[in-house]
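Labels for the chains are A, B, C and D, by order of writing; each one numbers its residues from 1.
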Amino acid sequence: MWDQILQFLITGVTVGATYALVALGFAIIYNASDVVNFAQGEFVMIGAMTAIALSAGDGGLPLPLALIGAVLITIAVGILLQRFAIAPARGASVVTTIIITIGASIFLRGVALLVWGKDIFAMPHFSGEIPLHIGNATLLPQNLWVMGGAALLVMGVHYFFNHTIIGKAILACSCNRTAAHLVGINVGLMMLVAYGLSAFLGAMAGILVAPITFTSYDAGVMLGLKGFSAAILGGMGNPMGAVAGGLALGLIESLAAGLISSGYKDAIGFIILLLVLFIRPSGMFGKVSAERV
Amino acid sequence: MALLEVKDLTKAFGGVTAIADLHFKVPENKVYSVIGPNGAGKTTLFNMLSGIYHPDEGSIRFLDQEIIGKEPHAVAEMGLSRTFQNLQMFFNMTVLDNVLVGCHLRTHSGLFSAAFRLPSVIREERVARQWAEEALAFCGLEEYSRQHADALPYGVLKRIEIARALAVQPKLLLMDEPAAGLNDTETLEMRSLIRRISESGITVLLVEHNMGLVMQVSDRILVLDYGSRLAEGTPEEIQNNPQVIEAYLGGEVQYAV
Amino acid sequence: MNIRKTMTALAVSTLMSLTAAQALAADTIKVGSFLAVTGGASFLGDTELKTLQMYVDEVNAKGGIDGMQVELIHYDTGGDSKKAVNFAKRLIKKDQVDVIVGGSTSGTSMAVIDEVESEGIPFISLAGSVKIVEPVKKWVFKVPHTDRMAAGKIFEDMKKRGISKVALISGDGGFGKSGRGETLALAPEYGIEIVADESYGAKDTDMTAQLTKIRDTDAQAVLNFGFGTGPAIVTKNVRQLGITIPLYQSHGVASKKYIELAGDSAEGVRLPAAALLVADKLADADPQKPVLVAYQTKYEAAHGAVSTFGGHAFDGLYIALEAIDRANSTDKAKVRDEIEKTTNFIGTGGIFNMSATDHLGLGLDAFKMLEIKNGDWTLVE
Amino acid sequence: MRRLAGFYILAAGVALLPVFFPDNYFITVVGVTAGIHVILAVSLNLLMGYAGQISLGHAAFFGIGAYTSAILSARYGWNPWLAMLTGLLLTGVIAYFIARPILRLKGHYLAMATLGFGIIINIVLVQNGQLTGGPDGLGDIPSLTIFGWEVDSDLHWYGVIGVAMLAVIWLSLNIIDSRSGRALRALHGSEVAAEMMGINTTTTKTGVFVLAALIASFAGSLFSHQQGFVSPGSFSFFFSIELVTMVVLGGMASTYGAVFGAIVLTFLPELLVVFEDYEVMIFGAILMLTMIFLPQGIFVGLRNLAYKLRKKNATPDSIAGKEQNRGTA
């Protein structure tokens, strides 16, 4: 029984770490520009797909180089997205920006479909596939890569926003755009940095999990949805809340599949999400905003 | 008898006391003003009077009925209406429709009869429109009736909010800084509007920073300082109250009346 | 961008397609198709479409059927049954096709049955579910093996190995759910007990939770019904968890892609599949061999590794065209009758013998039991 | 008369098209789908466009209606009308009970909650195979019979859906231009102010949520009998998002905008099929570009533009009846 639960926890944390990275991307963009970027899942897909494409074949790059290339390409996509789809629509209503980012995600998927076709792709594990045993539970070296990578990235993002000038400048933009502009912050540039950072996290998530999960042109849809759920669960706009939300969602799904019903595990995840929102309408760690009248 | 009676009212936000042990009575058919420096708790008070916030302690009796615990729409139903410091316009509607919303409580047709546009609905619409137009005319807004709210200047919007509140036919009207942001001419217009509202038999509870206006229109004034009652009385009494002068750092209330 | 111009262009093109609806007629044979070329089942629709296009071209290059050229009209359903119904109507009404070969998924095939039955047009489905042809519907045929046959074939093999307790795990898409249903229904007939019944979502990335539960049962084998990434992840997870009992997959993984994705973990996995996957390993005397090798050679020259799914499109297309050839006309009723009379048709899926009571015409022997060894398919004796 | 001018033009168009194209695929087949989409978009627009309550789970109610009709009439042989009524009842009860907790949420949280609700309903449809037929769907759903007249051809269905669609549009136009409709719009404009005008925002929100759900359920029942087949894929969260897209693309808070958006998004994929592999990309690009350049939606955006180009003092009323729809803030 406890072996089982340990295994469920390992699975939950691995899956949750992926959700957390996607959710973190959601939170960063939301913080910087008040936009919920439904194309976030597409960053994950593009990261994994470009990494595989760059390393594939005889003329392919060695894996580390391919990974760097993939990350750079994804960041470029993120910046282009901000520059050409989000920036021109400044001041549009919430639903309008939702539709724009949904349009962007469909567009990116369409491009991926043209470039890579409909095939499913695999990526080699970073450190082999020999399972490690903890009691009766097992995990792959790649699970450790995912957990460790995610932990490092989360800490990095935390440091970035709390201890670097650029990070603080982005936070300033999110609090008050005009004031940020007045104190000399290049708001436009900060937006680009935020989208680039968000795309970077997406790409990293994609690359870390691709050896375990495989990838295809439409792999971003479900991850985007789960990432959004996690970000909401944690409280939109709270980066560390997003991380907690991701881990919580991963654990809920894994425990639900293992202990209750695998057919209803997603439903259980969403039911818990709804219950949390009914009790705390701004998520677990979201700020309760008081309306000024 | 007082139209509105507030007793022992207290409200704190996370440890910061916004209103402390406040009591006052608003007599019927008068203009009663609440003044005080920024952060004195005036808007918080209004929000409690209209049912938006719930106080921690105390009682608010309106027409001899307890308000506390009621939702804003129930408070409105009792005959209390208000305007807002930060405009709360329905920017997605025309001016006329804004004021028609004010007639909500005076009309009764439901979703079903509206969906099928029964004759009763058509009749009611006609009457409501007349009421709304009267309220607009009262505030001198006839010319804007068909325009969209999002395209109008601030001063006009302030008056539309008043017309909308009047359309409710309230017994007590709460006005939250009606003259804020208005130029001199508009302020004069506002003064005469407040007077006319009062003359029409509606009790006015006013929060305002423009001391000239307050002194000119008020029958009685309540001064708040850090959520507590500092003084209460007629404009003359208030102007000569040393504590009030102290709180306003002297002199600021020395307007020529 | 000039949106108004775009909208005008769209409006014009709508009008044009409205008026140009009824053109062309008798001098071509029109084969209509609706396939899940995109979406979750795209690995079915994609290879099916490629096969159809390839062979329609080949038939035309050889002079067509009875001197008539074959025209292929196809639409992408994305696996959506609502779209399937509309596209079926589009094929019948607007394009006025003579026969429909398509419906990659059981859902999309089932969805159009009403329409083809009431319009009276021969329809050869490329989907797995047995419900498509059972009970028999006048105008509906299908060519792929059914999921019931797959379950039967697997159980046969299990019995030979003395397995009586099976843990079932299935995807919650149409294929997995339908396969699960047939497996549960058929198990008692073979004296097999299903000791676990787990499922996973089409886009799930980790099934260790379900498999951990399975590990702690007394199952003697694991059976997975599903397609796409799911089965490959299941295979990897099974190995990761150190589950050593035999793993059976369904015919849903019958493409090289599965072996490629699952890698070493796929060693020893067994699955029922059409002979196409082991064409070169068949005895030379096998009547299917020439057909299989020809298809494999042609497909792989153009598009890479074959899967049995493309083979179904090949079978469906040729059964339809040969029926038209025999009927000497594109009269729908005659063509239908001829399809029903299909006998001894050697296709990639097996040797078809249809009848008024059997609109599939394949037996359990059409399935081969395969095992993956050294990264390749091998026949289990 | 002038209040409903746009409606009469639309009705005339719906009535005349099949006279000229009695058996055209784009009219009697895609047209029927478009009609169902219009009903759904108009109902969603009441909730989202007018009352400002975003819902990414509207397809769930469409699905509940469709499946109730399908299961009761196909599996248990109920009269389709009785099945439809039961569907409405069931939808009403479910919508009523989830409305209160869900509508307390705002903005993205509301979007997430409705999305989650939609997905949960879809999972229930997929997992309860013995009742719903599972992911492969449920067929053999009988057609409708109206006073002994069986609706059994595409043209008949065109008529039935056309009338249903026009009725829903008419109801929507009436509601918007009434006390209740103003209450909805007021709620969108400022919840606090609406409350101070005596509008019980909680019951108003619940009311419009239930109403929109009922209309969607009605559309679902029609869909179910028209298609003769239902499967969970038709009611997935992708379809919910498609419905939101229809409303936004046409223009929020405009009944005609919703009609326009639904029609455009039904026909667009039919026209884009010629692009095959490029279809997905082009569709995404069109969506993005439209919303960037016409953030208020195509219909509303172009109408406001036309309105601006004309005399300043002309009101939008003279262009499209009495609808209100500027400022979608």
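A few remarks follow.
Convention: a residue touches a chain if its C-beta (ideal position, glycine included) is under 8 Å from a C-beta of that chain, and two chains touch if they have at least 3 such contacts.
Here the structure is a predicted model, which is why all the values come from computation and not from measurement.
Any chain bridging chain C and chain D, meaning touching each of them, is among A; the list is complete. Of all chains, the one whose CA centroid is most distant from that of chain C is B. Just to note, of A-C and A-D, the chains joined by more C-beta pairs in contact are A-D. Remark: chain A and chain C have CA centroids separated by 35 Å (rounded to whole angstrom). Per-chain Cα centroids separate chain A from chain D by 32 Å.
Chain B has its Cα centroid 48 Å from the Cα centroid of chain A. In whole angstrom, the spacing between the mean C-alpha positions of chain B and chain D is 40. Of all residues in chain C, those that touch two or more other chains are 37-38, 172. Taken residue by residue, chain B touches two or more other chains at 52, 84, 88, whereas all remaining positions touch fewer. Annotation for chain A: residues 113, 263, 266, 293 touch two or more other chains.
By the touch criterion stated above, chain D contacts chain B in their complex at residues 171, 174-175, 178-183, 185-186, 188-190, 192-202, 207, 211, 253, 315, 317, 324-329.
Residues 48, 54, 101-102, 104-109, 111-113, 115-117, 119-120, 123-124, 127, 191-192, 237, 241, 244-245, 248-249, 252, 277-293, 295-296, 328-329 of chain D are the ones touching chain A in the complex.
The residues of chain A lying in touch with chain D in their complex are 30, 36, 85, 88-89, 92-96, 98-100, 102-111, 113-114, 225, 228-229, 232, 236, 263-264, 266-267, 270-271, 273-274, 277-278, 281-283, 291, 293. Taken together, the chain C residues at the contact with chain A in this complex read 37-40, 42-43, 46, 172, 198-201, 203, 205-206, 208-210, 212-213, 216, 228-229, 232-233, 236, 239-242, 257, 260-261, 263-265.
The touching residues of chain A, counted against chain C in their complex, run 4, 7-8, 10-12, 14-15, 18, 113, 117-120, 122, 129, 131, 137-140, 209, 212-214, 216, 218-219, 221-222, 254-255, 257-258, 262-263, 265-266.
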